[in-house]
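What follows is a single structure, and I will ask about it in a moment.
A, B, C, D and E label the chains in the order they appear, each numbered from 1.
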Amino acid sequence: MIEYAARRLAGLLGVWFLAIVITFVAVQFVPGDPIMALLSDRSGDADLEARLRADYGLDRPLPVQFLDYLAHIADGTFGLSFRFANTTVFDVISGGLLISPILAITAILIAVPLGVVLGVFAAQRANSWADTAVILGLVSGISIPNFAMAAFLVYLLSIKWSVLPVAGWGTPQHLVMPVLILVIPPTAYVARLTRTYMLEVLQQDFVRTARAKGLRERLVIYRHALKNTFVPLLTTVGIIFGGLLSGTFVVETIFNIPGLGRLAIESIFARDYPVTMTIVLLFTMFYSIINLIVDLAYTALDPRIRLTNTKA
Amino acid sequence: MASGANTLLDIRDLSVSFAGLRGSVTVLHDIAFSVKPGEIVGIVGESGSGKSVTSLAIMGLLGAQGSIESGSIRFGDEVLTELSPARMREKRGRDMAMIFQEPGTSLNPILQVGFQIAEVLVEHTGADLQSAQRRAIELMAQVGIPAPEKRARDYPHQLSGGMKQRIMIAMALACRPKLLIADEPTTALDVTIQAQILKLIVDLRDELDMAVLLITHDMGVVAETADRVVVMYAGQIVEQSTAERLFTRPTHPYTKLLLRSIPSAHEKQEVLPVIEGTTPSPSDHQPGCRFAPRCPIAADMCRDPSLSLVAVAPDHAVRCCRLDAARELDVTRAVEAGL
Amino acid sequence: MAAPSTSQTARPGSDFFLRFRRSRNAMIGSVIVAFVVLMALFGPLLTPHDPVKVNVLASWRAPDSTHWMGTDALGRDVFSRIVLGGRVSLIVSMSVLAVTLTIGTVLGMCAAYFGGWVDALVMRTVDIIFAFPELIFAILVAAVLGPGTLTVIIALSMVWWPGIARLTRSLVLGLRHEMFIEAAIVSGTPAHKIMRRHFLPNIVAPLIVRASIGVGFIIMAEATLSFLGIGIQEPEPTWGAMIRDGLSQLRTDPHLALFASLALGITMIGFNLLGDGLRDVLDPKVRN
Amino acid sequence: MSAVPILRIENVTKDFQIKRSALSGENLTLRAVNDVSLDVYPGETLGVVGESGCGKSTLGRTILQLTRPTQGRILFDGNDITRLSRKQLKAIRQDIQIIFQDPYSSLNPRMKVRDIIAEPLENFSSDRSAITRRVHEVMEIVKLPVAYADRYPHEFSGGQRQRIGIARAIAIRPRLIVCDEAVSALDVSVQAQILNLLKEIQRETQVALLFISHNLGVVRYLSHRVAVMYLGRVVELASEQALFENPKHPYTSALLSAIPEADYSRRGTRKYLSGDIPSPIDPPPGCPFHQRCEKVQDVCRVETPVLDALAPEHWAACHFPNVSDKGIRDGA
Amino acid sequence: AELRTNINADPAMVDPITYSELIAGDVMANVYEGFVGLDTEGNVIPALAESWEPHEDGLGFRFKLRSGVKFHSGRSFGAKDVKYTFEQLLIPGNRGGLNAEYLDTVVGAQAVKDGKTTDLEGVTVVDELTLDVRFTKADVLFPIYPFYFMDAGIVEEHGADWATKASAGTGPFKFKAWNLGRDVQLEAFADYWGGAPKIDGVRFLIVPSGDTAVSMYEAGELDVVYVDTQTIRRVLKDPQFKDEMLTAPAAQIRYLGMNQNLYEPFKDIRVREAICIGFDRDAMVDGLYDGAAFPLYGQVTPGVAGYNPDLPAIPYDPERAKKLLAEAGYPNGEGLPPIKVTDTEPNKNDITYYANQFSSVLGMPVEVEIVERGSHIKRMNAGEVPFFPWGWSAGYPDALYFLSQVWYGPSTYNRSRWQNDAFDALIEEAQGTADAKARYALYNKAEKILLDDWGTCPTTVRMQVALVKPNVEGVSLTPFRFLPFGDAQVTE
């Protein structure tokens, strides 16, 4: 187990390196480049372009640029931002570093229990109107575009009733609406999957055994049945994290939160590659660590699963 | 049937059906028998004849597809078929416990077996988890699991078939129930452990006046432990009597043929006598005697739908319309005749 | 021997329809999906207006008797566009689902079943793609490929398969030690067949759920891509793009976003009900 | 019985690592099978009996390469199959089958019985109609109504499920079947039918059976030779007759005397073993049976007895084997 | 009190040297000043220069600078600071931004640019408050170029990276803090020469979504909002904003570029005319822009000096357009090769309209193409885009900005590559004509040449919209966005 974890951790370094390579290569293909974005209307001025290119080191061969980027990763500055003059990438991102993870984790912490409860509720009443109603409710929840939902919430809570701030970051109140928006899709997803897994598990013999033991229904459901759905559910949580961090981009824009999701997209548009690449790298690290935890948790959750990288 | 005031379990005219895609199939028909406290009642019979379904019906665990069509199950002063689910739940595990036939799938794969036993105690005795776990280890020792302190922390897949079965047994016995339903409790056990388990059950019976419904294919086990025996065939009871009478004077042709089919460890048999033919599937049960198609003494009258259990002696009832012929039937010859 | 009874012999497959008819979710879902698909197929032939005909003087009309769902910023008939957009959105989402489900389940099953380096290879690939924020990865892919419908399909497929693969893997990991898998191995069943016949049917339910919930996400993701200028190009309507265009006018002219969302919502509800229904139908242990 | 064994188990040992906690890294080793050597000949039934948990199923599973042995070789037809790759193994799958101890969990809940039974056939043939015919044939052989072919496993009773498993195993006409408690869930009449059937098949096809069972009557009925296992080891190996009539190992004797008889008159005459049941996690030193043995001597507590030929074709691992009536060897 | 307003992204910089984009300009206009400023009508008024005299030969100016002006550091402003600013803009390592371009004609500029010297020869500090500038060729507009003069002592005091630590301007507000992604904060400069601001400071909140900004305004989280084009409709339609709205036409010409080198039929003036009368400006104004725009008939916008209000309207005349096409040999568009009309995503409605209009009215096979902005600009500048709507915003209030940059032959920004010698000659003449009236006449003449040749299709001028809370006074919106908030007042 520990050995496995160690090996996976080592593997992660490889993943991260590859992620760096891939982003680096990919940005070379993205139409437009930082200098053109900088030049804006003045692009076409070949002298100026060449000068700027030289200033930013973009006239050097790609491998050199890549090594340079690696060196900047190593020194912790992650290089200089293109968009912000004389600012290191670290300075650009440090303010918003924790925002997206906080949003994502808060949302997950709410969405998963909520989804599980709803899913269990639906599973227990499979093929009844209550079941159909839960599905309908959840699916309508996710088919309302988050922008629309946000507009509605803002109108109601901020403008009409003035109970919450429209936008910004810093106080717990600022967290309410973004999280509310973020919570809906994963809740729906978790609930739907829970229902499925539960229906499967509820038919197993050991659930009957649990009932035969006279356990309270709550224990039967949550201890015996639900626990057996944790492996795929946990996987789902890992997958949802992927969606969520992207999702934070949307709420960060709507609610004007200075997080990395928003910054990532802005940077892409501004062709601020050092910033883009760094955020991607951070997200990559974040996800892959979450997924590593998920993988390690498999063994804890299901003793039958052995995670062995066969020595062969 | 004996259903005096002092019966613990009294089943009357129980019919159970399973919903299928194309309508429901009745798999139990008018089952009626009773169990007194301290009594061990063996249920034997054809595979698929409804033994497990009977026990599940008693436990109220038929599942979503099964339903009790008619009849009643009385347990002590209460009619189980009318109890609220909550009340039923309280009874399960505490007053009546069940050992399931399939230990492989009946244990929760992701919980430690010791915990699975302890859980019952926590639920019904209000014990704290720690003392319950200690008690679980004791129980595991009682059912003959070596090194129980270590094994308690195993997961089911780490145990052998017999061990899982013993865990099931320990679980069922944990609360010292008034009624123990044991569905094939010892099939996966070697005879020495089997003997130990049976002794444990008998001892508990003696000590607690526990009633036992013992479902098994092992006639030896029945003969050894049961006080009374119910023989089932195709969803019906075809014969029931005291164990002694049943083994010494079996009456129904099926019972007789059944007893003939037991392979013995005391002598080498060249060919085992069998009952030719197959059990009818529940969906095409014919009226009258269901054993008739395979019965060496079957006659036209066997198709009479009014056939019912007839008392042939005190505490001995048989479902056969040709009782005399049945009594006369010499199964040895019938078998040799190749029926 | 007992003659096989008529009640028990049934044509294989007929079970499916019997079960299907029993499942409320499946029935409602399939009716909705059938409606949506038929609209997408034949609707454009029947629409009252030309969906790409611009009339700026008639922009942002509220719904009335000529324009049942009003008009958009360029005065195009929203109803006609929703009907036509459904076609594009469905093609995109169905293609992406087909591609990702295939790749994801196959690779996920291989990873879990073979373990070792196969697992390591697949899962690390998954990790890499997966680790990228979905959108960013899609943007990168799309940016490399240039805009267009095919790009959208490829980009979204690239983003989507790893999730399916991971899910599949975790499900298979849970099944791998089941005795019936060992039984199949012992029967000499080749790996691909074990996957198809033993793993797949036992994991298909959650996959269906994921797929059915994915329909909406994919349609919206397409909108995001086209928003970034790498998606499906004007004047071709897609629901996602319509919703997105309508959002900026939510306070003043909500009908565009509203009706497009409604179309998406109904479709999603249809697919999700159908998905849950299918789950029930595919489960041999029917409940009534 | 031919002289060339179809299956030769050579010094097979199987250890399981039991992880106690991920953090402490504390590991226990459980030796489920300990240095077992056995031969099985074509047309022969080798009965395997023994303590529950003594490693019978594990032995069976190693034969099928469902788990690889920690040590030792398994030769099928003279070829070591422990070293075969997945691909090479496939070829021998046609020849070795297993009937699992746990009938229900070995059936895919989402497959119809028809498909479950057809599966091994389909892997080695593509003639659909022949397969269907064979499926119906074996269903009749195991006394399952053909009408049940389109049902799913959960709709069957325990015994019926077991018959599905048997049908699957015999369908392909293997040369060796490992029967792990193959008939334990069957009522005696069906059991009798199946046993006769196995015998008949064996007579016709010379299939070898490794018959694991707790039911000594059944074992006796079917077996030519019987191996008795205890705590992962073979403690006695002899012909059926010698073993049942003249057991050498005290554990065998204990087993035989514990058999419940369907004879009401003999009720309550059984002998029970007492003493601690040893655990494979920390096996006792010396003879594994010494804690429960009536005849235990000091030497038994220290020295592990080896399998010894006590008579022609009769081996036992005991320091003080039972004296036979023929008096081959004195107990002292 | 503090005035809270919005900007839709982080400024790329907050220093006057590298300054090169709009958002930074919004912020810096409050911190820095040049020779001149604008009044509430958008007219040029003297700021740090009190007056200026052209040199006799027309190749230079002598500026008399305002006395008593203090930098935020407390140092006094003087001629040396102007010279210092000019040099800093030109020194290559400094990456001088937009304002560096205005120095092209200054004597010695090239030498500094080339790194040969750091001393700008053409600029002389005559005395503390007198500055002399000499040109290589006439540049009559030099005094109104929007420079941002900076404190020459700042680097010495705070080091090379002073920009985010200190404030180096003379404007009504001092730079206080910039929280990336959140806000830029300015505080009132009590010693401002024009009188201390009546507010404590200005906070520019970074709000990328225009919709969110208006919602924040509605909820009282912003006092002043510059409404982005996407959100204008919401503001116009909501009666509650009626009394809080400021509007002003943007100083931005918009046109439909037709590159005659890339699409053969454009060489035919009839085709060009057909296109220009083939779409309906009024319909665009009402339909696409919700009335927040005006049809544009020339290439100078109202509010910019030299605007000709008497230009005839360009009609929407599909019949005539068809006829013209037929005369040119393309009846019903037959024979016209396919062409794409190209723009970036935010303008996709416009090109969809054009494409639809030209294909359905004229039968011209036009498709839309949405592209990435940076590369699009590069291709346009390189003259590689055949058919595109685009705009050009004035950097200072004089028509020459449009005419000399967009339509003057040698200009890099002549993206449709229209070329006319007479036009170019008029522009060159105007650059040397100090007299405003005479110059404006030249503009009008040149503009007429351009229009008569249908070298461009003027389209529309967009209207800027801003919202100001009733408790805020003294905020003015000009064609060049907000005036500095120095006169703003917030009452509780």
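Everything below uses one rule, namely that a contact is a pair of C-beta atoms (placed from the backbone, for glycine too) under 8 Å apart; a residue touches a chain by one contact, two chains touch by 3 or more.
A quick map from chain label to UniProt name: A = Dipeptide ABC transporter permease; B = Oligopeptide ABC transporter ATP-binding protein; C = Dipeptide ABC transporter dipeptide-binding protein; D = Oligopeptide/dipeptide ABC transporter ATPase subunit.
Being a predicted model, the structure only gives us computed values, none of them experimental.
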Maximum centroid distance from chain B, chain identifier (CA atoms): E
Between the pairs A-C and A-B, the one where more C-beta pairs touch: A-C
Inter-chain centre distance, chain C versus chain E - centres from mean C-alpha coordinates, in Å: 47
Intercentroid distance (Cα basis), chain D paired with chain B, Å: 26
In chain B, residues with contacts to at least two other chains: 102, 104-105, 157-158, 278, 280-281
Residues of chain D whose C-beta touches two or more other chains: 102, 104-105, 145, 147-148, 154
Where chain A touches two or more other chains at once, by residue number: 31, 151, 155, 203, 205, 302, 304
Chain A contact footprint on chain B (complex, rising order): 59, 61, 63, 85, 89-94, 97-98, 100, 102, 105-111, 119-120, 123-124, 155, 157-158, 168, 171
Chain C to chain E touching residues, read off their complex: 52-60, 73-75, 147, 227-229, 233-235, 248-253
Sites on chain B touched by chain D in the complex: 18, 20, 44-49, 51-52, 101-105, 144-147, 150-151, 153-154, 158-163, 165-166, 184, 187-196, 198-199, 217-224, 243-244, 247-248, 257-259, 261-266, 268-269, 271-275, 278-281
Chain E residues within the chain C interface of the complex: 211, 230-231, 233-234, 237-238, 280, 283-284, 286-288, 344-345, 348-349, 351-353, 355-357, 360, 368-372
Interfacial residue positions of chain C with respect to chain A in the complex: 23-25, 28, 115-117, 119-120, 124, 127-128, 130-136, 139-141, 143-144, 163, 166-167, 169-171, 173-174, 176-177, 205-206, 208-210, 212-213, 216-217, 220, 243-244, 247, 250-251, 257, 261, 264-265, 268-269, 272-273, 275-276, 279-280, 283, 285, 287
